[in-house]
Amino acid sequence: DFAKMDMCREVRTGVPEAVFAEGKENDEIVKIVMKCADNDGIMVTRLQNDRYQSIKEDLSPLIDRGFKLNYNRKARILVVKEHDPKKIGKIGIITAGTSDIPVAEEARIVAEEVGCDVLRSYDVGVAGIHRLFSQVRIMLEEEVEVLIVVAGMEGALPSVVAGLVDMPVIGVPSSVGYGVGEGGFTALYAMLQSCAPGIAVVNIDNGFGAALFASTIIKSRIKREI
Amino acid sequence: DFAKMDMCREVRTGVPEAVFAEGKENDEIVKIVMKCADNDGIMVTRLQNDRYQSIKEDLSPLIDRGFKLNYNRKARILVVKEHDPKKIGKIGIITAGTSDIPVAEEARIVAEEVGCDVLRSYDVGVAGIHRLFSQVRIMLEEEVEVLIVVAGMEGALPSVVAGLVDMPVIGVPSSVGYGVGEGGFTALYAMLQSCAPGIAVVNIDNGFGAALFASTIIKSRIKREI
Amino acid sequence: DFAKMDMCREVRTGVPEAVFAEGKENDEIVKIVMKCADNDGIMVTRLQNDRYQSIKEDLSPLIDRGFKLNYNRKARILVVKEHDPKKIGKIGIITAGTSDIPVAEEARIVAEEVGCDVLRSYDVGVAGIHRLFSQVRIMLEEEVEVLIVVAGMEGALPSVVAGLVDMPVIGVPSSVGYGVGEGGFTALYAMLQSCAPGIAVVNIDNGFGAALFASTIIKSRIKREI
Amino acid sequence: DFAKMDMCREVRTGVPEAVFAEGKENDEIVKIVMKCADNDGIMVTRLQNDRYQSIKEDLSPLIDRGFKLNYNRKARILVVKEHDPKKIGKIGIITAGTSDIPVAEEARIVAEEVGCDVLRSYDVGVAGIHRLFSQVRIMLEEEVEVLIVVAGMEGALPSVVAGLVDMPVIGVPSSVGYGVGEGGFTALYAMLQSCAPGIAVVNIDNGFGAALFASTIIKSRIKREI
Amino acid sequence: DFAKMDMCREVRTGVPEAVFAEGKENDEIVKIVMKCADNDGIMVTRLQNDRYQSIKEDLSPLIDRGFKLNYNRKARILVVKEHDPKKIGKIGIITAGTSDIPVAEEARIVAEEVGCDVLRSYDVGVAGIHRLFSQVRIMLEEEVEVLIVVAGMEGALPSVVAGLVDMPVIGVPSSVGYGVGEGGFTALYAMLQSCAPGIAVVNIDNGFGAALFASTIIKSRIKREI
Amino acid sequence: DFAKMDMCREVRTGVPEAVFAEGKENDEIVKIVMKCADNDGIMVTRLQNDRYQSIKEDLSPLIDRGFKLNYNRKARILVVKEHDPKKIGKIGIITAGTSDIPVAEEARIVAEEVGCDVLRSYDVGVAGIHRLFSQVRIMLEEEVEVLIVVAGMEGALPSVVAGLVDMPVIGVPSSVGYGVGEGGFTALYAMLQSCAPGIAVVNIDNGFGAALFASTIIKSRIKREI
Amino acid sequence: DFAKMDMCREVRTGVPEAVFAEGKENDEIVKIVMKCADNDGIMVTRLQNDRYQSIKEDLSPLIDRGFKLNYNRKARILVVKEHDPKKIGKIGIITAGTSDIPVAEEARIVAEEVGCDVLRSYDVGVAGIHRLFSQVRIMLEEEVEVLIVVAGMEGALPSVVAGLVDMPVIGVPSSVGYGVGEGGFTALYAMLQSCAPGIAVVNIDNGFGAALFASTIIKSRIKREI
Amino acid sequence: DFAKMDMCREVRTGVPEAVFAEGKENDEIVKIVMKCADNDGIMVTRLQNDRYQSIKEDLSPLIDRGFKLNYNRKARILVVKEHDPKKIGKIGIITAGTSDIPVAEEARIVAEEVGCDVLRSYDVGVAGIHRLFSQVRIMLEEEVEVLIVVAGMEGALPSVVAGLVDMPVIGVPSSVGYGVGEGGFTALYAMLQSCAPGIAVVNIDNGFGAALFASTIIKSRIKREI
């Protein structure tokens, strides 16, 4: 039974401690961050800018203790850490529109925190399909290992991309849409029901989960190489 | 107020009398067909083959009276008429997969009954996107006036087609799919939430309505020419 | 393959560049508008008045460069353009109630920007059916080519209108309603399940898409005339 | 507290004992019918013809005891009674289509069993609106007291009728429809969200409940007259 | 055809002109009220208090012209009229809880405006079932003709009441609830699926429609008496 | 860590091994039963009669080995065991209608197999509320410890019962219903949103789970007594 | 019939009078509290802090009359009482995350008000499963009688706990989640469809109902002991 | 642009041609298989045994031409091929229950056809969590590269597994369940809303897509190694 525990601990190595800010009060977040930062850093996701401004002061002791506090307003994420992660590989992130960028940026920052280089190509769905082709080609030439594709509305982009490339495509439905598309279910379902080969999906707006899954693929490849 | 009535009557000219077989019993259908055929013919939609075989005999007196009875098994439609319609224009019908063909064939037969020539291109979604391109080009060269595009699953095809052509695209979601796609709602919603310009949508599996809408566009153009 | 690209470009001619303001930040909208206006103008849809007031100043350089900036508060739309479009045809827009007017006005402005004359008849559903009759008759006498009909609540108006006229009717469900009608799904489904001939539907509140679809019908007719 | 019980008993007078056949086994139905018939008769609703044929034999002793057994195949209802009810008033039943007739017939038989004369006008929605007008006029001239209006698909008929008459209209959504209309929810919601004055609604396919509600209105009027 | 129009007009007599404030802007409401008040008065439903305070001033000219302006904050309704209606009958209104009162008050005011006396019994569901019994008995003794029963949460009250009385019960689901009950659908469905005899239902929170339906029953009874 | 395992094992003591027959093939069920019966018996739930008849023969070797095979057709359950359980306490099971009996019988048999005496009172919802009162009183006099209440349709019975008694009430929604009640969700939601104190709920048609939960309450009480 | 009433009254003994603040106005709440406190105290649930601050003053006369007013901001609950309840037993409350604490605290306070000692273990789902094991063990060693387990997101915790312990587990889904988990339905359904033995469920966020159900189990056990 | 086409073709290499049998008629399937087999083999998914038996004869010419026809009844899949694929890596497939095996077997056969060795561990959810631990350990020792985890009901297994291992976990919700779990949506949503790191999801019952996604991960790793 001891092995089980070991197995457990080894597994979690490298997965950044993260808390979901929604539904928590500011003082709870401060308390959690102060405690967790003692060890190995922490990320706070879905933290709106005004909330961050309110707690920034309370977290400043961490800076004296040698932590870096990086807050990204677009991605609504706060990263608290002592050291930068060591590099593990390269992924690509593509969005259909400008409104999908917050979700994509959440994915980017999480991916970078676990050691990925990230190639971005945002808003390719607005331009004609020829712009998508050239962007996908760059991704291929740069030898990214996994693609995260974020799309709201009718959510067709991940399927189109998965039809063009031979690498794993992680579809992230965003809640961008209105009428039948409100909330992101149309995008989610379109990605799940996609006929394209090589696509799997995470929850609506879950840039965080997509990045973790991408990094799991890369870490699994590295383990095999050794 | 008299004008209103006239207007009404004129409006309905050319729209074929049609009944929806589901939810009706065989003897009801026979009665309706025998009565309506007195005037200007009739179509029975969603009539399964075994039901048609059961009532065929009862309808045979119509043949003696000069009517043609055409039943199409794939399209599940029975057409009863004396004369062929006069030609009004040309439309194209495209399907994503083989399973969408019954819906497309319903649209084809209805369109032909109101005087359209129909160019078909079925199952283009299975082949790569290059096959779609060549099929769309044929449609353009043949100068079809309206495109009906049938798709189930994630329902992306009408959007892709509407992004390529400058003519009205009528999206018909089909109930082909499973899991989140079961029943056709994913396809319907994806078409409604589409970012492509020049697309409108009819009910799931409604090949009949798509054909009527297409013919309304053409008849409206003809009226203007005179 | 070159042909494909040409085809593509020709297709998009005449469709106004448009961005959907929801989910974008003010500075993103300013940046997009400043860039797109370089070429051929742009429309920003779903832009609330207070947001417009915040960015108006930043967009003023465009005026010096010869652009007109027209903002319509009711329709929540901003049009940036150098020249007025050339006229292509006439359409009608009908609403069931006063609350449907924002959606109808979005459709009107988009339609005008692509060269349509627009005949309006708002709030006909509240008055008795006789008022609808007279309004439809005016539409017919003025020889509009397509009808856009906006309705929320039980969404019955487009069906009634499609039963009266022989031209294409584009149903636009609005999100006006409460209880079972909240969000516009009851209206949407009623239009899709309509028994009337000659009706197709766009997404809830999608005045923009209805206008584009209407203009596609007209442009397709013009192409044929030449 | 005694009054309460009395009140209770008086209330239920005149409401026919009824059982819902679905979900019950044949022998259970036989047992219930044999027992209930001891007193004042009983109705079995939703009893398919083949099931009736299976239990007919077992129920025959009732005939010797002076009961009448009337089974209506279309309405899927079995009525077991000794005496005909005494007449209380007149109602009208209207259906949009032929497929709605089973629901309407269930309503008719239940209404007749509680003493109503029933005027029927089926399938008026298929014919133009002028046919509806003449049918409604007959209902008015015949001085029916309540109207039951059955409709599936987009469920617009009860609203149209309620806009024409000044008597209570009971909307009965039927499960006739497909795609978004499958199961009857679109019809139900459209009736509930109706803008017409003087309309209330019962469950999908609930002809039984509509007839009971209609008879409650009439019995309530009679009580007042005395 | 003239008769049709007459019929129409006569039908609408007595139904108060009403507008739904949600989705309309303040100036639109002012314009509609000023115009409609010219004839026979008007009601504005779903008008929040702060909105009423904003337009009160603009409506004051009506007072000089002899109109009474009654605003009820709880019911969120504004009544504009010259004369009080003549009395037609008596109804009862019952609510399950305190939170259902706004919906009940909307029903009360509308009912009074069409000439009903209204007996109220609010919040009976909170007290034990014995309190309900005594309230229902009062309703019976006072000889109300119709009962409107408002309930949110699990929506059981109308069924319980309908099982106790022999008069028409109009169930009004309210949007009071949380979790599975949020929005009022649980209450609506429970009322529609009720086994109790003599119950029909209107839309969630639709006190207005319930009152109109109740008055239609009474007016229909009066017409018969003459 | 050893304790954890012990804890685990102790926990499961007394919970009968059970398999859900739906989705499994006959030969799979036979294999599972033959294997599991080696130890301590097994139950097969949701096993339709025709399926039982097909596998009965294959299971007969168990009889030679001293097992009893009890199949209950109504409850669709097969019990395979060597010894009868020792008695732990008494529970009551109530159903609203006759159609709810299969679910109630599943609960009864499972409860008996874990050592409960079961008092049944089926179909109390059909009779007036006074019959319910007398049934509940018998349950109280017989000192049952927990009540399982099964109801479909509008699902009001468990709330009514929980308002009358001071013992735990387990609500079991059944899938008996039609229209809005089809599938049992209306009953489920009504039970969850109930205002009555002392009620908790299990899945639709889950008589099995209700019985296990009831037995857990009783076993927990027994443990405390020792 | 007298017995019934007695039975009723005895039943309700010990269940604290409670009102649900949402949907009620401040002055209504004050009135209800002032009246109910006359007897035996009252609880106001779902009372946001700002609302409590507004009515605090108005409730102060109660303090002079000897009542204690305890408001808990996290649990959003106000307790008004004269005496502390007498102790009846011990329960445990577990939450998956920090965001579930408001629901858990509502349960705790209600449980304490009916005489339960409460052992808390919050946020065990975030830590690895080994932390859960040790927490559950403490619950077992402290001999709690019932476990209330609150979880949002995928709602798996109650099932895991119910698989480990042999006492009744009451699952409380919380509305913590996003995308497919928004509103708490995913958690609710996962708990209802759980394979673990000994679990029943209350409405989303219904800490109040869970505590009442837990206390009913304990009071039922006590009654048996006497 | 030529590159694009090349890119396209290269991409699809190794993805087996597959058709979805549902919604296609037997003769259509025969035609597709006969044609596709000309090149590189084909798979027919969701082909029920009785349908396979009907077309087997018609496909026999393929055997003479050197093809192997392997039909797997459990997985409902037909594989037509000339050569076995070359080995690319090893994956693991785990199911929660016996009823999930058809989906798992579909995944296994597809995975094997693209060159994967597959380690199976079915029905681990039924046994206690200790059995899961030992199964997962075997998967780790055998160095599988990706895990496919199939579960219906509450769908918790993939989350539990993803919490234990450091390799990509592909969650496949199955449609095994009843009540709230019917159709597989509860399992799907629970997997999407999972808190575990390193999990992505495919459509309900989509063993096919899961296997393709797994193989894409492996092929992507191989490409990098070269």
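All chains are identified by letter, namely A, B, C, D, E, F, G and H, in their written order; residue positions are counted from 1 within each chain.
FYI, contacts are C-beta pairs under 8 Å (C-beta built on N, C-alpha and C of every residue); 3 or more make two chains touch, one makes a residue touch a chain.
Here the structure is a predicted model, which means the values were calculated and not measured.
*Asks:* Using the contact definition given at the top, which chains are in touch with both subunit D and subunit G?
*Replies:* Expected: E, F.
*Asks:* Between 0 and 180 degrees and rounded to the nearest 5, what angle rotates subunit C's CA atoms onto those of subunit G?
*Replies:* Nearest-5 rotation angle for the superposition: 180 degrees.
*Asks:* Counting C-beta pairs in contact, which comes out ahead: A-B or D-F?
*Replies:* Per the contact counts, A-B leads.
*Asks:* So how far apart, in whole Å, are subunit D and subunit E when each is placed at the average of its C-alpha atoms?
*Replies:* 26
*Asks:* With centres defined as the mean C-alpha position, give me the subunit A-subunit G separation in Å.
*Replies:* 36
*Asks:* Please work out the Cα centroid separation of subunit B and subunit E, and write it as a whole number of Å.
*Replies:* Distance between chain centres: 45 Å.
*Asks:* Multi-chain contacts only, two chains or more: what residues does subunit A have there?
*Replies:* 5, 8, 12, 128-129, 163, 178-181, 185, 188, 192-193, 203-204, 206
*Asks:* Considering the complex alone, what residue numbers of subunit E touch subunit F?
*Replies:* Interface residues on the subunit E side: 125, 128-129, 153-156, 159-160, 163, 177, 179-181, 185-186, 188-195.
*Asks:* Where on subunit H does subunit F make contact in their complex?
*Replies:* Residues in contact with subunit F: 97-99, 126, 128-130, 152, 176, 178-182.
*Asks:* Help me check something: in the complex, which residues belonging to subunit D touch subunit F?
*Replies:* Its residues touching subunit F are 5, 8, 12, 19-20, 22-24, 28, 32, 46, 173, 175, 183-185, 188, 203-206.
*Asks:* Can you name the residues of subunit E that touch subunit D in the complex?
*Replies:* 3-4, 7-8, 10-15, 133, 137, 140, 143, 145-146, 163-168, 170, 188, 192-193, 197-204, 206, 209-210, 212-213, 216-217, 219-221, 223-225
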